[in-house]
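These notes open a run of structures that come right after.
Presented sequentially are two complexes of subunit A, the first with subunit B as partner and the second with subunit C.
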Partner chain A sequence: MATWAQIGFQNSASPLMEQLIFFHDHALLILILITTLVGYFMLSLVTNKFVNRYLLDGQMIEIIWTVLPAVILIILALPSLRLLYLIDETTEPSITLKTVGHQWYWSYEYSDFKDIEFDSYMMPSNDLEKGQFRLLEVDNRVILPYLTQVRLLVTAGDVIHSWTIPSLGIKADAVPGRLNQLNVFFNRPGVFYGQCSEICGANHSFMPITVEAVNPADFLSWVKSF
Partner chain B sequence: MSAIVTEELVTAPVDPRFPNQNQTRYCWQSYVDFHRCQKIKGEDFAPCEYFQKVYKSVCPNSWIEKWDSQREAGTFPKKI
Partner chain C sequence: DLGSIPCFRSSFLNGIGGGIATGLTYFLFTSKVKQACNTAVLSFAGITLSYWVYCRYSWSQNKFNVTMLKTAMKEQVAREGTDTDFQLNRPQDKS
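The block that comes next holds the complex of A and B.
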């Protein structure tokens, strides 16, 4: 989850988010290099006293400052495209989780084995126990197994919502009458938080998402205990 | 890091007819296919259950309930 004064991303919990962070660092490295270089040029140009009255053209430098940005754009675009298609890649899932956005809560359905269906409301602040997070904790957490491919289908019952877990690098709009598919793969156990990301009415800020990634064996016993 | 695959966790497979993020049609087509299959082959025909498993895994429960009542009322928007 996000913490106080955090500048970067949240810690990743999926291979996808790892790649997203790598790409972010790659892009930022290029940006910082360009900014410092251009900043230095500007500063040195306004602070020197050189004059060149007969400057008309400079073939060589023009070729360089045309080709170099093109190359830089390519080394930004290619990893970006790779990531774009990686996010869309579907691998054979082991379980399907359906999530439906409502005003103002999420409901979840597991229908592969038994019909498990529950609503997930935010915990009111005065019901919180020590160590729980205000405006992020819910009464019924989503339980999912780690190291397992999960197909997540996102839809809504009333207005558009948006389901997200930043640690997994996934987000999809929940649109009534449409099923959006997301690929979930946890590479470690833990509790992960997200919030509705599409303005959906008065309590938009109070319908968080809490996912608990557990051992597949524990997941199965949780399913059976339902 | 490889995925753990257990026999106990089985769901609707990836369908190459629906390679996009939008899976609405996967649910709808499986629902229609199941009821057409049952109509043609009879209610006890086991291979039809494949479609049922798929649509139950993929369709939101509220959609299934809505379509079931539409079929009963004869207002289902597709010929079965």
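The block that comes next holds the complex of A and C.
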């Protein structure tokens, strides 16, 4: 989950989010280098006394300032396109989870085994126990197995909502009358949080998402106990 | 925290050191201050970017090898004592 004054990404919980973070690091380095260079060029321009009122062109510098940005763009584009197609690779999900957004809670349906359905409301701040997180905890968490491909179908029952888990790097709008599909893969157990990401009324900020990734045996025990 | 990004700190340290060294060397040979500064800054950018690409590539290769090793170790724990135990298939055990 995010903490106060956090600027960077949360720790990744899936291989795709890990790759997204790597690409972000790569792009950030290039941006810092470009900013440094441009700042230096500006300083250099301001502090020189060169004057040439009849300057028309300069072939060499024009070649440099065309080729160099093109090379930088290629260095950025190659990992970007690699990641873009990696995200869209087809998978064979083992489980399907349906998510329906309502004002102002999420409901979940597991239809693969038996018909498991439950609603997930935010825990009121007054009811929180010590160690629980304000505005993030829910009464019924989504339980999913880790190291397992999961298909997530997202929709809504009234207005547009948006289902997201930042540490997985996934987000999809929950649109009434439409099913959006996400592929979910946890590479470690844990509890992961998200919040509704599309303005949906008075309590838009108070309908969080909490997913608990457990080992497959525990997941099956949970399914049996339902 | 930029320092916790793998290869970030080493890339910048190598870039800054290499840029200063290149600029000083240029100045030693030519005594031109402005061009030496330009050389230093451009070298900094080039060395930083080159070292970053090299460092991240070797880091990702190493990470892949470590992941393979971890997976093999986990599998070995499950296979130990069974017919598919990795140790049973070593050539020196067969002779």
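One rule holds in what follows: the second predicted complex is superposed on the first by the 220 of 226 C-alpha atoms of A that agree within 3 Å, B and C clash if a C-alpha of one lies under 4 Å from a C-alpha of the other, contacts with A are read in each partner's own complex, and residues count from 1 in each chain.
We adopt the following convention: a contact is a pair of C-beta atoms (placed from the backbone, for glycine too) under 8 Å apart; a residue touches a chain by one contact, two chains touch by 3 or more.
Please read all numbers here as calculations on a predicted model, not as lab measurements.
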First (subunit B), second (subunit C), both or neither touched by A:Leu29: second
Touch count on subunit A, higher of subunit B and subunit C: B
Partner chain(s) touched by A:Leu37 [first = subunit B, second = subunit C, both, neither]: second
Partner chain(s) touched by A:Pro189 [first = subunit B, second = subunit C, both, neither]: neither
Partner chain(s) touched by A:Gly8 [first = subunit B, second = subunit C, both, neither]: second
Which of subunit B and subunit C A:Thr148 touches, first, second, both or neither: first
Residues of subunit B defined as touching subunit A within the complex: 1-6, 8-14, 19-24, 26-27, 56-58, 60-62
Contact footprint of subunit A on subunit C as seen in their complex: 1-2, 5-6, 8, 11, 34, 37-38, 41-42, 44-45, 48-49, 52-53, 56, 60
Residues on subunit A engaged by subunit C in the complex (per definition of touch): 8, 22, 25-26, 28-30, 33, 36-37, 40, 44, 48, 75
Contacting residues of subunit A [partner subunit B, same complex]: 15, 88, 90-96, 98, 100, 109, 111-113, 115, 117, 145, 147-149, 151, 153, 155, 157, 172, 177-182, 185, 187, 216, 220
